[in-house]
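In what follows, a single structure is set out as structure tokens and then discussed.
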């Protein structure tokens, strides 16, 4: 076969592509990974349906496990919500990483000439989107089932900050857990002790907004969430290489 | 094969003697506290154990960073040894704390920041050990252990802080008074002496056990190597 | 093009590669043979920049591994026995994803070309989940040549393929190798590689025990040559 001029052009173009802007290629790779996860999920809907059904079941179990009158329910709502998110989140984290590991796709990502952290950010953002989708569905369902208005902007802010922290460290730990023998079982064991500050702050913060407390009382929790998010995203960014490279 | 270093044998002896002295001090040479009575004596070893338990945390995080940077197996052994030892010390601290709390606070447990954080630390240690158990490749085991040790170490202050704020904003009252206030006391010079001495003794015990464990780790590696030589 | 010098790889206390020296010139097609557990996959993973050497030097296209890994990866195409494809995406979407992370220009055109090359143009909108193993392997090769690499590494690509699929794969391999690419392929199947390769190297007990060019040996004696090489290798 004769050498294809189009191919030669591409090769020349590619060599000029690599030496240029690492930031652009980083963003492009991250975006490609997020797109890939969303597209695959849109088609199979495995992950989301599992997370959703699980979340609703957890709420159901809480209903029977704690027989609550209307008054008690108001104070316990934040706790129930965050326990639900934490457990459903674990499902999502596990599945998202397992998808890469099972068909060797992680190698495919590692073979690409991109910074490893792009893989981390891509997966983390994908995981975050999935968590948001679940949260966006659980909130109205809970509101209806328990006759509580959960649509306060403050609450949504806390859910945002809390989910970011959870996913930041969850994605890193999931990358580790998926490479061990004990896999799915190990992720909650690794994750929950480390994510306690997020849970405490998120529950208290959510509760604060639901009870209509003063902003000054809720600020410490928001600050704690922000600090946690920043610290653990930074650390995950720094150590991710060691977790995926051999 | 390597023989046990002389210094280690001496350290063993010294540590045992120190422990005996400390025990004697606690029971025979320190006054009995006025309010709590004899149970207060648990305090000397309890705090020392807790201190050593936390020491292990720091040691494993530092060893973790060192391992990631240098890739030397020795750092991994140090990190693992620290966790293995400290998980026991911390457990002893929690249990002795419980024993002390029962008569003094009238409860086996409270959810105050220090205890809760100690319990969480213990769970992080356990998670670390479970993580290592699930990995076969020694290099990966070391890397993941190092990463988790670092993550664990950094999360602990944040955890403590979050529970502290929790308590300040919503002070939970147990019984009639704030329990932590109820348990405090002033130390006489004799008590202080016993206290500091206990801290010293347990640091010695930590160092001694750590050395033994590190040695054990290296010897285990040697055994692996020899096994391979024989089977090939 | 590919060069390793005194390459050592240890897993804990176990040494898999013991000072391996290996050289491939541009355009050569080297079949890397050896018994199970000899270290072929480990060696290939190191060349593919997926694993780090414990000691020794590795150079690909003049770039050192692992220091200049990004430059190497741009010029490297890898096909392992796992397909490295996403089952829930179509063939086209899989290629588009890889085109994106490799930062290619003229993505559409390139994807069309590659699909044609591996004979999957008709199935481009089908989910990879529905592909047979042979088709997945062909698409995997498509993925690997998408960015037009200089060097290609194949790890037992014929694993799990039936006769017909294997034959199709061979055609694609010849096509791929024809563009003056440097190829290293590990294999169990002597008969298969006898046709394709220009050189045969035998990896045994952690080093290259023997190497012979295609032109210097009668294909019928290949098996005997192989057997002798793995027996003689020092432990």
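For reference, chains read A, B and C in written order, and residue numbers begin at 1 within each chain.
Quick note on the criterion: a residue touches a chain if its C-beta (ideal position, glycine included) is under 8 Å from a C-beta of that chain, and two chains touch if they have at least 3 such contacts.
Predicted model only: the values in this text are computed from it and were never measured.
**Q** Which chains are shared contacts of chain A and chain C?
**A** Looking at chain C and chain A together, the chains touching each of them are B.
**Q** Average the CA atoms of each chain to get its centre, and name the chain whose centre is farthest from that of chain B.
**A** C
**Q** Taking the mean of all protein CA atoms as the centre, name the chain whose own CA mean is closest to it.
**A** Smallest offset from the overall C-alpha mean is found for A.
**Q** By count of C-beta pairs in contact, what is the leading chain pair?
**A** Comparing chain pairs, contacts are most numerous for A-C.
**Q** As a quick test, compute the distance in whole Å between the mean CA positions of chain A and chain C.
**A** Chain A and chain C have C-alpha centres separated by 35 Å.
**Q** What's the distance between the Cα centroids of chain A and chain B, rounded to whole Å?
**A** 33
**Q** Using Cα averages as centroids, what's the distance between chain B and chain C in whole Å?
**A** It comes to 50 Å between the two C-alpha centres.
**Q** By residue number and range, which residues of chain A touch two or more other chains?
**A** As it turns out, chain A has residues touching two or more other chains at 246.
**Q** For chain B, give me the residues that contact two or more of the other chains.
**A** 139
**Q** Applying the document's contact rule, which stretches of chain B touch chain C when the two form their complex?
**A** Going by the criterion above, the answer is residues 137-139, 221, 224-225, 228, 232.
**Q** Sort out for me which residues of chain C touch chain B in the complex.
**A** These residues of chain C touch chain B: 11-14, 235.
**Q** If you look only at chain A, which of its residues touch chain B in the complex?
**A** That would be residues 169, 172-173, 176, 179-183, 186, 189-190, 192-194, 196-197, 200-201, 204, 217, 220-221, 224, 227-228, 231-232, 235, 239, 242-243, 246 of chain A.
**Q** Spell out the part of chain A that touches chain C in their complex, as residue ranges.
**A** Per the touch definition, chain A meets chain C at residues 1, 3-4, 6-7, 9-11, 13-15, 17-18, 25, 28-29, 31-33, 35-36, 39-41, 43-44, 99, 103-105, 107-114, 245-246.
**Q** Which residues, counting only chain B, touch chain A once they are in their complex?
**A** Those residues of chain B that touch chain A are 68, 120, 123-124, 126-127, 130-131, 133-136, 139-140, 143-144, 146-148, 150-152, 154-155, 158-159, 161-163, 165-166, 169.
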